[in-house]
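Quick heads-up: structures coming right below.
Each of the next two complexes has chain A plus one other chain: chain B in the first, chain C in the second.
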Partner chain A sequence: MSALANKLMITEPDIQTPANTSDQRSQNAGLKVIVQTIREVAEGIREFTLVSADGSALPAFSGGSHIVVSMPSGTRIYRNAYSLLSPPQQRDHYRIAVRLQENSRGGSRFMHQEVKVGMALEVAWPLNLFALSRLARKQVLVAGGIGITPFMSQVQELLRQAQASQSAVLQTAGSKITPPDFELHYAYRSQDHAAYVPELQALLGDRLKCYDQSQGVTLDIRQLLAEQPLGTHVYTCGPEGMVQALLQSADELGWPPAHVHHEEFLAPPVGSPFTIKLASSQQEVQVGADQSMLEALEQAGVDAPYLCRGGACGRCELEVLSTDGTLEHHDHYLSAEEKRAGRKIMPCVSRARCDVIELNF
Partner chain B sequence: MQAGYWIRSKPIYGGLQWQHKAQAHVIIASGEGGRAVLRLLQQQLPPQAIKVLYLPEAQADHSHALRHMLQDVLGLDLASALSRHDTAAALWLALDEVLTASRMGTRIYAAGDEAFLWQVAAQAALHGVLNADIMREQAASLARAVYCVHCKTISHHVNTNIATCSGCQRQLLVRDHFSRRLGAYMGLMIDAEEPGNVPDILEIYP
Partner chain C sequence: MNKLDHIQAETAAFHHAPFNEETFRGDYSFHNSAKGIKRFPYPFEQDHYMYSVNIEPHQPGKPGAITEHAFDIDEHYVAECEDKRMTLEQDAGRYAALPHMMDAQWDFLELTMESLARDYPQYFSLLKDGERWTWHNSVLGISDSFIFGDASTLPMEPFEYMGRQTQGDFVLLDQREGTLFADAGFITSQADWSLAFDIGMSWHEWHGPVPQVDKMGIMDRALKFLMSLQQGKPVRRLNWTMTVNPRLDTSPEHYPEWGPDRLTVTAENAGQKAHLRVELQAMFRLPRSNAILFSIRCYLLSLEDMATQPKWIKRFHRVIRDLHPDLLEYKGIKVYHEPLLQWLAPHDDGAVLSEGAQLD
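After this line comes the complex of A and B, so read on.
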């Protein structure tokens, strides 16, 4: 079982899994929003406040949700997923933060260079692939750098739970409802790279622990996981190395997989150009070097399925009928065996090193 | 008796096996479950701390064998490795204490009859332990706890296809529908249509 499959396997009732997201079409239809403000929240990280174009309330969401932003740039449309930072119950605006990726294929560069205040954008309905477990006795959130973003809405949800149960306890003395304890561990390269530290400090007080690497303060993930009480769930988002280290420590210490949740932002890696052949229509689609297969299909007017666009949810899976080269799997969804077998591909992040690949679509 | 089709709610239990990636091991057993624990202890022992919580039953008391195994064969400190309890209430209290002091990475194993396994799950759930986190072995008896859908009483140790409800004395057909919340199978009055017309009673859950 791949580690990310675990994340999506959690069976708490409130989690929307891709399989039962029936409203795929309305999600793709999207919401029209206007950029209200733009501000720099850390070096290379820009925050955008979005309000609905017609002034109506935006859809509510749960902590950990993201939206996919459509970015029309020249002849192509980039679609990137960004976590929602605003408090989940606040429906008059959404906030997202975008880090300028050094070798961006366009998405983050578009957001940084072309998006201006007052501009209209289209975003998909919020989707949560990183929801909090409702059965946890304690929640440990571990963020690295820009990986802080999904936790911004999660901490709001956790704080609200804590407050709600506090007033419930006051009303019925001796009540057994105790909200899960929680803490946020936030590691970053330096103060300049750390977004939202003062805001989080004000919100969380002692529940926030910061690790400033430039000051030599590092987070010992293994130690952190070794001392958690039974019933804890851990959530992590950040650079791949950090996420992998956490998954490995959790596994070695005997954490059951259902208690370990992670989210990685995967941007589709670049490669060399090739051609997709669609079996049903015999249509041929050229995939550019800096384009994902999904983007190429969309550009050619093919209505291919997707949800997360980050290799996590499995919604975009397509069957490979043949290829004259090799597949380059970058997703976290397929198991190692499935990747080896080469019969399936996740076109949102994966590609092929070949001349032609034929897909059953 | 229902056969030849598959009811999703009927739980399946594997055998106990050590989870070698762990910080500690807590094993909870009752009655015949003690035998499953003895089998587990015969497997290559993990290096982490082991604690067995045991509730003997009148017909099945493996306390001596467990004591012998843990202390004489394995050389463990009995005071920390085994806690034996005379009543279920004492066992649950002890389990609560152990779990309160436990950390993530503590592996939990349960062995006993089916109702016991689900009582363990319910106790552990109070500590945020998910069903899937617990290794279970249904020991020896296939006896069922039966929940009377009419008077809501749970009758324990039912070995037969039809059982008399210990609450309302109705004759209940024991179904395969299992409630994880109650740790019991549904029992429905069998002679509701034709009072007194009760099929042969057979021991099918020995």
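After this line comes the complex of A and C, so read on.
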């Protein structure tokens, strides 16, 4: 093992900083933003432009990043993750789009009904769990409905790379530097449900392919994947059925798993109320039917770790010591084997059907 | 350009005073001032060294502390930059960056330029006019205007450009396929590892072969932790070893030049020759590239200088005396352990020392 290895391997996943110290607070301090504009971009989809409250530049980010927006509603704080739509290098504003969820637990309803122009919000620094591979020969992006959102910043990044390569080609006069080719496939129920089509058409020209289901135009995912050259990476975001179909086709066609990327929106599902018992403090926390375990812990003042709040990143993982019921895993992080073993849970999206669950925290 | 004029006028005032005239090779005239000794990141909190996971948020430390700023510039700045220049001249392979790391290179340039200009306005300034940036380093006499994002407008690649002007070593890790790849590095003061060997390797490749299976779990957890590192929340830790003579470049490539020095340590000269070497390691998530910057900043302290602080030298004696043989071997101390202890023992009266690394 090299010494570099030794340096890096000794870091541990859990930073145990005492709760409520000033350091901890400043660590978790988010970005203060003001809602500058709100507009409808499709049926039930509202776009928010956010600028920093003190006029300073917002952090740059990479294509596919999201922010977590904190929404104080009465005694509760909802925290939902939304993809950034603005160009990654644009530091004077962020744009997000929120679809009103039919069975909203509060987050999207709050954004649609409570948030007004001029309102102050707190958002976390950008985080990317859906990054573009930098070594792909070709990038194929597949969006369904509101799943277009993470691709808005990705296409900007890909266009910028293509332009940079273009000027490099001109400068080196004849040497072969070809930018990775990319295309965006966008399927939606109807024109009314399709956000950003004109904007994307203007940006992408024939790199954009639209599939309007109301006009009978459907996307054949299997065929799309079958005709891609070796070295292609595919990225998908959209309804679960579409994502699953793509993953299955890719698997059947023998795509390397590292070339297949997906992001699903996960909101914590509702369930029945139960009680969390924390082993270290013996504290008991009630989880409401429409509350996630993580939200309940936070409401009780417990400083539990988290990052993405969507079951993807793994940071909030907690150890299950016992339960008198069954775990309902909803995350994309734990392996099937880990889920079966029932020793770990991701409290941001998963819950339990039980009276009491004891956690090692 | 008022700001630049102002800085140039000020340059003369601190051109000599704050930076040591010294070398990290040849006559080894490296030395710490009294202030430099007091701000040394002494790592031992107790009389017995126990390996601990000492990772913490890279938050601003107290004024004057080495952690006050994201990148510490100290009295060794000029000499260290000169030493980097010499090492690169001998061996250009100490700097390497794979082509897909260009966004990460610009992220690195932005982070270091913005940090240095904000934290040390008396030495550095950065003016931005849209994408046209003007960087002025009044200490090294460097001034360049360039287009951010266009590498052809800089005299060299952005990572090398600022790597030469910032103390420490740097690795850029690309995150893909569920792991991290060491795809760019600027390594001129490394304690015994080789960039040429590690470049392009993935996490598990550069960690292998691992003899004990249980270490795999540690590595997987560490990887998971780093992969979810967030922008705006850098972390740091201290690591320590010992170096004979105040040499920055203790690379495997140059082992014949420094390895045998370990045999020259005697009970008489250990105070001048043996140095405690502490690395401040920090990790930052970079914005545009989603890469991770791993910075390794090296601090050296001779035992003679350490002895000006009785608590530190007494504790160091106990730590070295009782260090596990495996660690003595690993840190390269074993061959001169005996003369080292002979020098240290008279400095330790056995008094009870306060907990923590701070000076009393």
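Here is the rule we go by: the second predicted complex is superposed on the first by the 333 of 361 C-alpha atoms of A that agree within 3 Å, B and C clash if a C-alpha of one lies under 4 Å from a C-alpha of the other, contacts with A are read in each partner's own complex, and residues count from 1 in each chain.
Definition applied: a residue touches a chain if its C-beta (ideal position, glycine included) is under 8 Å from a C-beta of that chain, and two chains touch if they have at least 3 such contacts.
What you see is a predicted model, and the numbers here were worked out from it, not measured in a lab.
Contacts of A:118 after superposition on the shared chain: neither chain B nor chain C is touched. Touch criterion met: A:134 reaches chain C, while chain B stays clear of it.
In the superposition on chain A, A:55 makes contact with neither chain B nor chain C. Once the two complexes are laid over each other on the shared chain, residue contacts for A:230 go to chain B alone; chain C is not touched. Legend: residue contacts after superposition of the two complexes on their common chain; A:258 is shown touching both chain B and chain C.
Of the two partner chains, neither chain B nor chain C is touched by A:216. By the touch criterion stated above, A:198 is placed in contact with neither chain B nor chain C. Of the two partners chain B and chain C, it is C that touches the larger number of chain A residues.
Of the two partner chains, neither chain B nor chain C is touched by A:74.
Once both structures are placed on chain A, chain A residues 135, 258 are touched by chain B and, in the other complex, by chain C. The residues of chain A lying in touch with chain B in their complex are 135-138, 180, 225-233, 251-256, 258-259. Those residues of chain B that touch chain A in the shared complex are 19, 21-23, 99-100, 102-107, 125, 127-130, 132-133.
Here chain A touches chain C in the complex through residues 1-5, 7-15, 17, 23, 26-27, 59-62, 65, 88-89, 124-128, 131, 133-135, 164, 167, 171, 258, 307, 313-315, going by the rule given at the top. Residues 51, 53, 55-57, 59, 100-103, 107, 149-150, 152, 171, 174-178, 182, 190-194, 197-198, 203, 206-210, 215, 218-219, 221-222, 224-226, 228, 230-233, 235, 237, 239, 279, 281, 283, 287-290, 294, 296 of chain C touch chain A in their complex.
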